[in-house]
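Letters A, B, C and D mark the chains in the order given here, with residues in each chain numbered from 1 onward.
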Amino acid sequence: MAKVPVQFTLNGAEKAEFVDSGTTLLHALRDKIGDTSPKGGCHQGTCGACSVIIDGELRLSCLTLAETCNGATITTTSGLSEGGVLHPLQRAFLDAFATQCGFCTPGMIMAARVLLDHTPNPSRDEVVEALSGNICRCTGYEPIIQAVLTAARSNSQHAA
Amino acid sequence: MAIRRGRGVAAINYPTGMNLGGDPTQALVHSTPTGNFMVTLSSVDLGQGMKQIMAQICAETIGVPTDRVVVDTADTDTGPHCMGTFASRGTHRAGNAVIQAAREARQVMLEVAAEELEVNASDLETDGEGNILVKGAPQKSISIFDVALSAHFKRGRSISGRGMFLIPRSYPEKETGAMKPSTCYAHACTVAEVEVDDETGEVTVLTVKNIFEIGRALNPKMVEQQLVGGSWMGISHALYETTEPYYPNRDHGGTDFNQYLMPGPGDLAQTEIIVLERPSADGPYGAKGPGEMCANPQIPAVANAVFDAVGVRIDTLPITPERILRALKAETPN
Amino acid sequence: MALALQTFSTVKDADAALKADGARYLGGGTLVVRATNEGDVSLLSFVRSTEPSLSTIAVSGGKIRLGASVTMAAIARHPDLSTLSPAARAVGGPAIRNMATVGGNLFAPAPYGDFTVALLALDATVSTDGGDQPLETFLAKRDDSRAIVTSVDFTLPKGGGFCFLKVSRVKPKGVSVLSIAAVLEQAADGTVSTARIALGCMADRPMRAKAAEKALLGRRLTKDGIAPALAAVGEGTSPITDPIASAWYRAQVLPVHLGRLLLGQVAGMETKA
Amino acid sequence: MELRKNYFADQRKDDLHEIGQPRPRSDSPGHVTGKTAYFADRNFPGMLHLKMVRSPHHHARIRSIDTSEAEKHPGVVKILTAKDVPHNVYTILILIQIGPEDETVLADGKVRWKGEAVVAVLAESERAAQEAAAKVKVDYEVLPAVFDMEEALKPGAPIVNEYHGQNHYLYDSGECRKVRFGDVEAGFASADHVLEQSYQSSPIEHAPTETTGCVVAPEGNDRFTCYTNTQAMFFTLDNTSIILQMPGSKLHFVGGTVGGGFGGKVDVIVEPIAILGAKLTGRPVCFVYSREEEMQISSPRAAEKVVIKDGVMKDGRIVARKVTGYTDAGAYSRHSPYGAQKGAGHYPGPYTIPNVWIDTYCVYTNRTPSSAMRGFGVTIGDFALEVQMDKLARLIGLDPLEFRFINAYRDGDMKAHRQPTEGAALIECMQEASRAANWPVAEKYLAMSSYAKGA
């Protein structure tokens, strides 16, 4: 099998691995690097559980080949908290009881993170749009929408 | 084009636990040397929050704060038998087993405390904050931390308990069907308000008002989680979901989340949840199982609301725009 | 056989590599990586090109050139392409739009390919290294197409002449029950002088509604004026049946939605899509 | 959410320390940081991937299976067919004495639904397993199939499952589970109106975001640890023990947090074959359903048909209710005989009706076996019952909500299955609904109570 090198920055740390050519980023992250925070819910691009942030953009790691990420900067949910302190989004998900089984949660948080990076004070419609590629089967979405709106409010209070 | 509005109601009940019983669950509880408590089970947490609820039940029964309880579950090498997490049985069956085990452990804990305080165990009570007090003389007390240390290193007592809950199995009588399906029932009534586009058959659920009677809301925020998510799933069942859209024809079954339809975050009805609590006689702190029934009443309520709006009955699920449009066209032939 | 990805700096070299058995062009990955994930063992290798022109949006006057690797997200946020933004945002959720490309959308089977419906109404031209052809011609033969699409060219209509509607069951991101794009020009007296209407889900790939276009010429955009076009819009269609809707349903609601679009009754939907 | 504490306050203690308190969930910090471990987050060196070769036909005889090409495929380690499974014909409810065994782990001689597992391929990579699976040659003789429950119950219909011999489950009570209470025909005869209506549903998928699966690791001491997202640990362990003819002491099942279940993970499907693969290869094995498998192969909620015939008086009293329920089990029983029977215990709904007749059937057809789902045996029945209630109310010109008060069960009322009602609260839910939805009802209904009749 043809192994190819992949090298990128993951949550601030340099990572270098050899993977089979054609390996998805999702597999590389989970099986090679050991970051299991992105989840494989469909491998079709229809559930969003594998969402990660690549160079500032929300991407589906299940449809992204690892070797196309050379030199990229990648953020996953496991890299969101710093020094044991939860990111405001993580805090908001906790406080809003926005997780049940938790399987969609890392992907939801990634989608929300990108939204808030570009739109610090989103409207409800903007939150709905930002989460629209992510499936949740437990919550009925409302607590998740509320969590993102709450995180945005707490962010803007921080800034002020 | 006309957008027509209607509303419908439905009322239901739902049995708690595996139908006809015969579904045991066990629990073990023991204290650590510093007075924390371990609950050992083999029940599975599906995301509904089983672990958290078992911790709260154990904590209440022992008389300690919930954060002093750790739940170890879903391991067949360590956890005693549980029939499984299904049929709205988790909280009811495992909860009862945990209470029984915790009571036994509490009794030992009180006996050790009684020896330390030189009183009768029956004269002691817990303050829920980690202390054991003499009834009527709360200045005479000992912390559970110290009781556990004493039990382990001084008195050689195991602060532990075993719990087993079993509803005896009922066998339906062949000719009459006499049987005992369940020991307690949860209840619900839902009113749904919809808009129907009579040119496309599209339905928008505007509001659902759900009243659920669930015995006891052991953790109200977690109950709310399940009820809100369940209400969404009920609406989803009513209007969207099937693996075989042309049943009984097997063709065109969806294979992904694009084809398997469920309401998206832009389709949410304004949802109101009201909870009543009539404690069940055999439920842990009166709890019944809310997990399944919360997704049922929305289906007929939405169906009845669609009729109220456009005057056609769709008696086949899901109530798709196509079924509504066909019914409307059948009523007023061109 | 293990999969392989081959990356070429020029389209020409990538075109040559694509001739190999089982080679497929990797755009955003939403079609071909999904295929291999789902066990399509006929797909043996991915080929891609990093030629910069593929990712370029060129705007000159009303003329637009979209490189084939341009993503839906890039179109949606481009200040000069706001007219097209609803059609670009009709594709997938935010992550998919960061990946899905113009070139890939040309090949997406119904019920996908909403952006191509818009391009068809815009009378776009598709370019490969082998030459240019009208989008309609390209679509008819797309299953046999082996050459890498390099760009799509079209002219944006002036004023409010372009409208787009996607109807889906799930909001805000659901696949199409149908999609409609229209380019309309009106004479000074308000009658329609030019009409191009494209439909999604009304066949296995986007198609033009030529009978409806013809029926609109010389008519006003009023309930009575558009009636002949609505009556004719189903001509030549063979809507798909899938888990979203049946051919019957799609055929039934096509004139309803076209009517609403032409009468401007879906202004809200246009931007929500 | 609001808690309405004014109802049933006399029956409840509200001064508890931990119960009734909105404590934060102990598992949420793991969820929001991506640290919660799901079964698929375990990865072992040398782990094999299992892919299933499935039937492309709804009903067919298997003339032959040729795995020779697949076995030679690079990366393939083991290929399993029916003969490799020690106890290949099983049924999950045998543990509670609901037989007969009627389902094959891997198809043996016949397939009964499109998607049925025929051959299991274990390979070094998913890709190698998929490629090898494509090389397995199965020669089928296609048989007539039946998809419609009514067709399946007609004489001369193709027999779906020979282990039953007819296209319905045989209860000890006969072809259906029966409930007989009062005299339903006399009730219809005395009624002012009789309304018979039929209701139908289609199969529904649980669609958890995490698909069904397991990871199995040989422990080196003849024991196997199976990391699984089953909803029922010992249920799965004990069935695996039967299927593999392996003492339960050799099996160690580890669950944890499951990425959504909704009843979809109570079948015992992936674990036995994955453990068998691990046993025969000595290697860790991963068997995870693809999303497509989760959607179309995993058991859905059964399609149901419910026929309700009611006799109702002008004053709103329902005097007779006859319900015939049909549960589409698909090709195998799984939990469906239990679900159909649960329906019999649920009808006629939360209403007190003096004359009741209930028949519930579990029917076999050539489709994906159905099984448990949230509200099993009740959800579709409630749809039928409550739409029927709406029709009855309109038929006699009563307000639909008031009509339900007239018939609502209360403590002490005898149910059709001959249990006295206890702990009823339907009336109070409806009273609160009347208020919350601004749906006025007559004062006398607001004065009612579940506690006792005549209030």
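Going forward, a contact is a pair of C-beta atoms (placed from the backbone, for glycine too) under 8 Å apart; a residue touches a chain by one contact, two chains touch by 3 or more.
All values derive from a computational prediction rather than experimental measurement.
Enquirer: Please give the intersection of the contact partners of chain B with those of chain C.
Expert: Chains touching both chain B and chain C: A, D.
Enquirer: Mean of the CA atoms for each chain, then the mean for all of them together: which chain is nearest?
Expert: Smallest offset from the overall C-alpha mean is found for D.
Enquirer: Indicate the whole-number Å distance between the mean C-alpha point of chain A and the mean C-alpha point of chain C.
Expert: So the centre of chain A lies 29 Å away from the centre of chain C.
Enquirer: Please tell me the distance, in whole Å, between the geometric centres of chain A and chain D computed from their C-alpha atoms.
Expert: The answer is 33 Å.
Enquirer: Need the CA-centroid distance for the pair chain C / chain D, whole Å please.
Expert: A distance of 41 Å separates the two centres.
Enquirer: What whole-Å value do you get for the distance between chain B and chain D if each is reduced to the mean of its CA atoms?
Expert: About 17 Å separates the centre of chain B from that of chain D.
Enquirer: Of all residues in chain D, which are in touch with two or more distinct other chains?
Expert: 25, 27, 125, 127, 207, 257-260, 262, 290-292
Enquirer: List, in ascending order, every residue of chain A touching at least 2 other chains.
Expert: Within chain A, the residues that touch at least two other chains are 20, 22, 42-44, 46-47, 97, 100-103, 128-129, 132, 135, 137-138.
Enquirer: Where in chain C do residues touch two or more of the other chains?
Expert: 2-3, 36, 38, 172-173
Enquirer: Building nodes from the protein chains and edges from chain pairs that touch, which of line, ring, star, complete or other describes the result?
Expert: It is complete, because no pair of chains fails to touch.
Enquirer: Looking at the complex, which residues from chain D come into contact with chain C?
Expert: Against chain C, chain D makes touches at 51, 125, 127, 130-131, 133-134, 290, 292.
Enquirer: Mind listing the chain C positions that touch chain B in their complex?
Expert: Chain C residues touching chain B: 167, 169-175, 241-246, 248-249, 252-253, 256-257, 260, 265.
Enquirer: So in the complex, which bits of chain B are touching chain C?
Expert: Listed in rising order, the residues of chain B that touch chain C are 1, 199-201, 240, 245-246, 252-254, 258-267, 321-322, 325, 329.
Enquirer: Under the stated contact criterion, what part of chain A meets chain C in this complex?
Expert: 1-2, 4, 20-22, 24, 43-45, 48, 51, 57-60, 62-65, 67-68, 111, 114-115, 128-130, 132-134
Enquirer: With touch defined as at the start, can you tell me which chain D residues reach chain B in the complex?
Expert: Listed in rising order, the residues are 1-5, 7-8, 11-12, 16-23, 25-27, 58, 96, 114, 147-149, 172-174, 177-181, 197-205, 207, 230-235, 237, 251-263, 265-266, 291-292, 295-296, 300, 303, 338, 341-342, 344-346, 349-350, 358, 365, 367-368, 372, 374-380, 382-387, 389-391, 400-401, 404, 408-409, 416-419, 422-426, 428-430, 432-433, 436-437, 439, 450.
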